[in-house]
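One structure follows; several queries about it will come next.
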Amino acid sequence: MAEKTKKGKKRTPKLSCYVFRPMYATLKETVRATVHRPDTVLYPWEKLELPDNYRGRPGLVIERCIGCGICMRICPTGCIELVEVEDEQHGKMRRPQMNIGRCMMCGYCAEYCPKNAMIVTPEYELAAYTRQDLIYDPFELQHEYKPGYEVSIVEVLPSELKRGVGEKEPGREGKDRPELSDAKCIGCARCAKICPAFAVEMIQVGVSDKGKPIKRPKFDFSKCVGCEQCVENCPRDALTMKEVL
Amino acid sequence: MAEMWINMGPQHPMTHGLWNLRVKVEGETILDAEPVIGYLHRGWEKLTEYRTYPQIIPLSDRLCYGSSMTWSHLYCLTIEDLMGIEVPERAEYIRVVVLELQRIASHLMWIAAYGTDLGLLTAFVYCMRERELFLDLLQSVTGARMTYNYPRIGGVRNDLPPDFERDCLRALDYFEKKIDEYEEIFDGSEIFLMRTRGIGILKPADGMNLGVTGATLRGSGVKIDLRKHDPYSVYDELDWEICTHPDCDCYARYRVRMDEMRMSCQIVREALKKMPAGPIRVKAPRNAPKKTAYARVEDPRGEGLMYVIGNGTDKPYRLKVRSPIFVTVSAVPIMLRGYKVADVPSIMGSVDMCLGETDR
Amino acid sequence: MDLYQFTEGIVSWLVGIVNWLLNWLGFHGLAGWLGSPDVIKFLTLLGESIVLLAVGFIVAITMIWQERKTLGRLMDRRGAMVVGPAGYFQNIADGLKTLLKEYIIPEKADKTPYNWAPVIMIGSSILLLVAIPLSDRFYMTDLDIGLLFIFAVFSITPFAILLGGWASNNKYSLIGGMRSAAQLISYEIPLLLSMVGVVLLAGSLNVGEIVMAQENSVWFIIPQFIGFIVFMIAIVAEVERIPFDLPEAEAELVEGWWTEYGGMRFGLLMLAEYFRGYAGAAVAVLLFLGGWNGPFLPPELWFLIKVFIVFFVFIWLRGSLTRVRIDQILNIGWKRLLPLAMVNIVIAVAIKTLGWI
Amino acid sequence: MTVGVVGARRIAARATRKAVYSLCEHLKNGLSFEHISCVTGVDKVDHLEVVYHVSSYANGCMIEVTVDVPIDDAEVDSVTAIWEGANWHEREAFELFGIRFKNHPKLERLLLPSDLGYYPFRKEFKLRGR
């Protein structure tokens, strides 16, 4: 075949059968495409079959959302914003609103969501007439849930890997947790108010000189999602995130 | 005809993106050439300095739409080096599988574009059709068709889907038959050989001096593949060979890429067979230590290198990308000089341009 | 009854009606003038050319459609399929679209030649249709040197291309024009030489007589196989299709000499391209494939079927071959095709001398 | 000048501005590091750095040479004469960080418009929006 031809020599065109081989190959394909159907997917009428984990626009299962804001923090394009919304069932709440025009469908919000409230949906036809239409408020962002739409982090801790732990169930035992430095805390209870997962409880640890109770936050790590809102809102920087590795 | 400068680009069918090749011609013979890039410069490296480490992974996908997996993998490899993370073995094997599938998809896109450059639209459609197979496979793994956002610092995003191995092997079997069909169309065509043989000669010494890497250099007969020479992931545990061709011309580059696709099929098969069970992702620390790190991989287009400086926060201090095409395109004047204007597409096509990574 | 008589009948009938009207209104002089044989002949020729143009137009449109569909199947896709039955009217829609496009003349273009180049192009392409008979009764002219006329008209095109390429004031156009001149001139010669064999065998340059000669003996593809191959290669180069579409090589020269043409000018150039494709395929059929000969079906239909088959070969070539470089194309033309055409002439002379045909 | 091995096939070195050209020459001719991978500019606020990544095809080793460059006299010898491949990397470092490379054949802006008056990758240039 081609390897046998001399290299380096200037090729003179041959009128041999060499042009007929590609012609035969394409003819075979033509016959195949004519007898069977061509490979085209007639887009507006037919659509590709998408797997369940297809990352279209993110969707929100609003009942599960606790408004922790992790999605807002992880979003690389900054298209998620927490807004105050109201409905009859839940009253006032803070829920993510998303600018789909900016979203790059990376799926991070769904992946990092501790409650699997953010899901990936196979919806990809998102054109709208104005940019305003592309900003989806939490109710618009809702999407019907189907198993397979959620993405979760399946990871082991480096310490566990060294010990030789096998596969782990999706869960967040290795999540980072807030840590209190006692000296700085003034017991203002802002962390308990802000905590979206209700994991902070103010506990009386003693009585001050003036007879007032001294309160310190106590964290319930089974409830904590590691959203850092308490750390951010602490007025005295008494809380820090401790990484679990 | 007198000498004149022709601007091929920024909007020209040959360019495969936005860049400009200024060609000085006399009649139809090229006397000199000068690539002008920068139309797609996004300040990628600056952007990363304002984002946390995980947030950069989807960004690094956008470096090259043709082979986004290699770039996000390279980024993760660099940060793992920086943070000193040990990646679980299964994750490494999964990475090898998806990387090689990505390499096939990228090479297929290259052949498709090369066919169009030479006026053969049929090859474009055929190759894109088979690329769809691999995009489907990658989609079933990662959930996206082009910008996968799949590797993570310390592993991969999710495990392979249950039927993946069966589907993948089936696709590979089908695809290997299709490679024969491409060879029938390309190698079997005397006109294709006329257009590529002896065209765009890049001598090995020139190529190495100019920093050209990847299939372009291997087409010059230099047996360099970072997967062998500086092994990352688990490439040193797999049995495969470097594909080279001694001809130094466009045809040699085409041949190398064809052989590499076959070799990739072999690697995927073996990696699937050897794939161990176990965890797929290790938790990465949030902040990087104050040190520098770099990693390099064999991108489908050549050597990719990322150099990162950590400064103790969760954002990199500086992240530098060494893009293979950035260097290769600076070497094209040598390849172009003395050939005809009509050879520009066949030479420029053979280096597999990708502007996203070039301009960054 | 041939096309002339048929058209004459219709024209006389129409003139009769108009004359009756005019007489009734009292314009006797005008009616007499209209009824005179010269005017009738003129009107007949006019009607005939309209019929031929319509046939050419429909064939060209069908060819574009055929190319879309066949190329689609070659590439494992569908081709045009939305507008009209199987996408047939897509071309009409495209034509309408080009009509509605803005009419741009590049600022630094040489206006007069820029405007006239498409006119020459489409005009010469339409002129080709005059000399191509669809059958022994469906023709416009019966020239004794019909074949020569066809190729003379064919070779007007490089002039138009060169003119357009120069006038566009664009480097790509200029190179495209130059290429086209070099290519067409160098392919004219093997084309004509490959034809010489057929002319020798038939003993005439008259297209009708060549077809008649094939009807009486065999199709000339059999004794003149080499000639046929040379002719096909040369005619593909002549009508500028892949693998020889260098003047408008889209990968290196954007659109070559058409680069600066937009709107309906582009549409007309495209149409001219297909008129020439039709003419090329038609000449191949006339010279080598027995013209309109064939059983059962009417000869015009046979002719068109053969034309479409030849055009399918063009499309097939386009779908499976890459483009050739300009120096290679000249190499093929001068070093391969020319000697082959000579050999072919020798064969033709031998056959004629030995009296096999 | 300090040299140290930092890992498998990884060497790090730190050189002065004056020594870098002769070091690179030695790397190429004496130690056969024939492939320059990358030339990086870094802004360390008080000074600039140029980092060379040079690798050897023979054994797959890569050496990282760091050179400190003062910010007010940002000039360093160009290594384009040694490795042609450093050409565009140096141009890029010049346009993004303002590091001038002495004896570079064509030190012009590469990615950005040539009339840009500042060096966008320096830390003093802040991104808007973030």
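Every chain is named by a letter (A, B, C and D) in the order it is written, and numbering of its residues begins at 1.
Here is the rule we use: contacts are C-beta pairs under 8 Å (C-beta built on N, C-alpha and C of every residue); 3 or more make two chains touch, one makes a residue touch a chain.
Only a predicted model underlies this, so the values are computations on that prediction, with no experimental measurement involved.
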Per-chain Cα centre nearest the global Cα centre, belonging to chain: B
Averaged-CA centre spacing for the pair chain D and chain B, given as whole angstrom: 24
Chain centre separation (chain B, chain C; CA means) in Å: 46
Chain A and chain C: spacing of chain centres that average the CA atoms, whole Å: 61
Chain C-chain D separation of Cα centroids, rounded to whole Å: 63
In chain C, residues with contacts to at least two other chains: 74-77, 319-321, 324, 328
Shared interface positions of chain B, touching two or more other chains: 51, 122, 126, 129, 185, 189, 191-192, 194
For chain A, residues contacting two or more additional chains: 13, 19, 22, 25-26, 29, 39
Interchain contacts, given as pairs of chains that touch: A-B, A-C, B-C, B-D
Chain B-touching residues of chain C, taken from the complex the two chains share: 71, 74-77, 171-172, 175, 178-179, 242-243, 245-246, 249-254, 319-328
Chain B residues touching chain D - in the complex, by the definition given at the top: 37-38, 41, 43, 45-47, 49-51, 208-213, 222, 224, 226, 229-230, 292, 294, 296, 303, 305, 307, 309, 318, 320, 322, 326-327, 330-331, 359
Residues of chain D touching chain B in the complex: 9, 34-38, 40, 42-43, 51, 53, 55, 57, 60, 62, 64, 83-89, 92, 110-112, 120-121, 125, 127, 130
Partner chain A, residues of chain C touching it in the complex: 70, 72-78, 229, 316-317, 319-321, 324, 328, 331-332, 335-336, 340
Of all residues in chain B, those that touch chain C in their complex: 1, 4, 6, 8, 12-14, 28, 115-122, 124-126, 129, 185, 189, 191-192, 194-195, 340-345
